[in-house]
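Consider the two complexes below, in which subunit A is the common component and subunit B and subunit C are the respective partners.
Up next is the complex of A and B:
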């Protein structure tokens, strides 16, 4: 396949000579392609057992409700149903996927106890001889509810009169005692006062489902020595191993996770959703158990990319310099934390974009609502923040009557600049990338913009 | 519940299995015949990951009751390679980087094989139409379409080569 543009080895002249590129620019066959085209690649579901049992879930039809009673007697009468599991069968029902890196509190239940806080929340697991019997059993579980008002909007959830939906006591994740992951740099209000113009716009995104062709699932096989072998399509084998061990209260050495082949992940197979219940079911029935999401479950309850709402207010001078930027960012974590506190931190780490701005103020909120818990997906935290920042850059440039690339070059960070996180910028290349991109598309830049360089201190030009 | 014995040819070999009314061709292939190439992505006939050929025509095997295929001739991805040599479509998928996660690949390849069997010289539009029931979420459609066009060309060249040999 011809390259769009040949490698410019001058960028790497200090590290390697022009003939020194052994992989870049060469065609290397994929090591897994032969298995894929012959059907020999083994995905987690590509194995079967004569005594395989199937697990299916009875889920909440409500966004927010108290559970008054759960009746599994009819489910147990379905021919082929082996067992039902409720929260009482889960040794450590409360967990949080990030507890492995010391982030708490454990805010999520494996199976609902006295309440449900999102539509699709699992309440009862049904284990049966066949998939059809498990589905029928799950449909026969009777739950009675007292429906509560649902909070479905991030700013509504942050308001003081919003009902608190979490046992943790707040509708937002608490970052070291604070309501948000914050950036305070310079004096943003003084910056606005000094600016020739102030622009503020709002950006928002909807949740995005990963929609892998292979749905989330696992098969757990009890071994003769009492250990459990977990065949999984997880993207995070060690999160799965450790969280499952903690939830089922077994030593990690009792579990073996076999994975690595994922039929589409995109971050959607990072949470630990199916393995703990399948392990409990396999232990209680002493049979291999398969728990795989239906397509409907994959779309409805597997965690999407979070919806975000972002307000950006910029103070700008007539010459295009941004002197103040204030950002209020809301990540809709949905009902439970999962990886969203980390996502909101990544968003904060990404602000105010690759630009040098002397006064920056940001609050990045990780907000809980009665929506499907969101979690990891391809650059989560960063991607939507970038959409907002770069849309803002275009709009401000247009409002000033400036070329959008020149506006970015004026504000681009350079080596030696102090970033809003109080880290000195190094290894920056935004200016060069913009110059190169402009040349490739035939976008003319004036000589003074072509002369800019990431390694020339900003002060030298100003 | 009536169980029916189904006899059929799978990749040229006579097979028999017992089908319940709810047994799909996909589950019979996977769980009774051990052929795991066809995948279950949706079980609703929407994603095409389970595509196999039934009497030469592509079908979504998750929607075909196994009891209805008695006497049929089924081709799956496992039957394409001739000994150690891959089919032209399989080879073109490798050479053209037309795989990513690999989950849609067997179904995609079977749709392509069915197309090339009836139309040796398809246009890109015809290729798009032929794989319109096969979802690739890793969004590799462009290399997949090129790979199928490359495979068509290799097949035509091979056929011409064989004709020349025959006349010599």
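Up next is the complex of A and C:
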């Protein structure tokens, strides 16, 4: 029997309707389950080709350095090495994945040109008959550097004294002229002035790996008609196809992406990291080419969940109402933008959490440092913010001597409330999940808290 | 050595979809000769069960058995565009696109059936068994395989439909951040119970209690899989994981394999008890909201708050390592 969580139908009875469905709401088996448990599901790497070539990367050992020279002659002498690729082999080396939705500038290079700005940045790709030869070839590439000072802290990166590491001229993404994605709602300073108490704390996190079972990779197969068939574990087939076509300067119709079987995504397979180079290598060698990250590359070079630093300052009344919340949020995007500007905006829309606060001020900074570029991960922009907000809620409740759930219920957003990003709340259910969780663990709530409802307008209950 | 126990709470919401760049997905549905219905997509099933859920949406809308639905996806030559699988958008966007395509195909299917039965299409109904029948006259019916054959070889019709879901792009107002970035919000409250060893600093998450409001549970077993799998990830984020253990002070000591990058095994995985609430979203497929991502979120602060409840140490930096617990306990002793 599959494990199923009970649905408590006593909540939102009128809205749930009769539920007279034939298959919706029923546990039907996952279509991929049989293949997975019998080991017969075909992942991209399960395809074999007699003439498969392998691609491996020579990467920067420095956080920040100028490249003085690159010597690939020794790598080319390794038996089995077919080609080496440098930035000169990449038709449109500068790119940004979000250009498909009009977000720029194109700030990243497929292969480094005159400098590297993070440890692990790819400089040369080596294509060989075997994985071992490709690895040996990559290790034989000689690069000489002039090491530059590195910026490794988000707040240091924002300071005017910090070395500027980005071509665009700022160590942060510029949001329509602003140094951060802003939320301005009400008058936060007036709120603090009116508050009985003001609390301010700092929260932070370290980068986190998606840790998929299957690392990021692809096999690109040149077809007899000249097209390239990309077997990929991407999370977004057309996003990968369109971005790859732009980078390799080929018509999109020259490419076909086949995928759909992914050994763990969690946001780690939306950055278009392997397909462009594999396509270029397949074209130049006219052989199928596999480019798949090693576990070490997946953990240290592929984009992690960003580290964040978050300051939350709350103005609170004695009765538990939060009247002002100011949040300074710093996303460590690492060396390149990838999806981070988008994630910082998603964070802004999420603030100040699922609570109705009349005065909110937030600056969400997407900051560049000389680290592995971070990017999308499950809960993008929200997971670390929720850690900060919900830790803050616990601390404020304790400081006020209030029950932590009652404190949340007092402030919980309801239908019709205006959120800080000026979208009217609807379909809310925070109150109900708190009430049900309290019941689940036998945490008593007074009658007036049990009577609260998301669809009862705020103010109807004192 | 003392084992200290504590309980912590967290309540969160999470957006479905993110239309800051336009956020579309498309679906095509067509019938084969003997009444199979192919749903053509380019969406990627990451293992969360997207193919299964959209097959349910197609079967429900067409009024046919699940076995008659074939999902063909993630090939850019054969499937129409999908933005991708992220932002908790798969079930909501692709589900809506499939329903729209299936409705159009259903209309043709019922018209072909009506012509075969010589009745009005408006008088026909489906019950999910594979038959189309006249309302109130169940004996007057025709099977979908006969409908499909008639469409192909007799009436010359394609039983097919097109669907797309697009929430128009929202451009944030630069000064204020005013925007409409998502389609709906799902909700959760998690209660964590932990044990803290005051000698080793090791935190053990004993139990998690979750309540989720997700619009509509389209497939309850896959809801449980999301809720419990995501909570496991939250536990892992909270007390185990980092690619840079000494961030931001040092970039060194980054783990390079799973013997250095720790995650909970079965012995470190908490017992979980979960309850689901449904407040259907007006714009969701059968009311469903997305919960693909959010299930990792609430456990983290719930665990942080439970650690404080257990031992008085406030951990404001993730992950909550034994070292950070012990340093916190030392600081408490120094202050006392």
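Here is the rule we use: the second predicted complex is superposed on the first by the 436 of 462 C-alpha atoms of A that agree within 3 Å, B and C clash if a C-alpha of one lies under 4 Å from a C-alpha of the other, contacts with A are read in each partner's own complex, and residues count from 1 in each chain.
One rule holds for everything that comes next: contacts are C-beta pairs under 8 Å (C-beta built on N, C-alpha and C of every residue); 3 or more make two chains touch, one makes a residue touch a chain.
Being a predicted model, the structure only gives us computed values, none of them experimental.
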item	value
Touched partner set for A:45, first subunit B, second subunit C, both or neither	first
Partner chain in contact with A:433 - subunit B first, subunit C second, else both or neither	second
Partner chain(s) touched by A:262 [first = subunit B, second = subunit C, both, neither]	both
Residue contacts on subunit A - larger count, subunit B or subunit C	C
Which superposed partner A:132 touches (first subunit B, second subunit C, both, neither)	first
First (subunit B), second (subunit C), both or neither touched by A:169	neither
Partner chain in contact with A:30 - subunit B first, subunit C second, else both or neither	both
Partner chain in contact with A:215 - subunit B first, subunit C second, else both or neither	first
Which superposed partner A:295 touches (first subunit B, second subunit C, both, neither)	both
Shared subunit A contacts, counted only where both subunit B and subunit C touch the same residue	29-30, 32, 211, 261-266, 295
Subunit B to subunit A touching residues, read off their complex	22, 30-31, 34-44, 46-47, 49, 76-78, 80-81, 86, 90-91, 93-95, 97, 99, 101-106, 109, 135-138
For the subunit A and subunit B complex, residues of the former touching the latter	1, 29-30, 32-43, 45-48, 132, 210-215, 261-266, 294-295
Subunit A partner contacts - residues on subunit C that touch it in the complex	7-15, 18, 20-22, 42-47, 49, 51-52, 55-57, 59-60, 63, 66, 71, 73-77, 79, 81-87, 127-128, 169, 172, 174-182, 184-185, 187-191, 209-213, 215-225, 227-228, 230, 233, 237, 241-245, 247-248, 251, 254-258, 261, 263, 273-282, 286-287, 289, 292-294, 296-298, 300-302, 304-305, 308, 314, 316-319
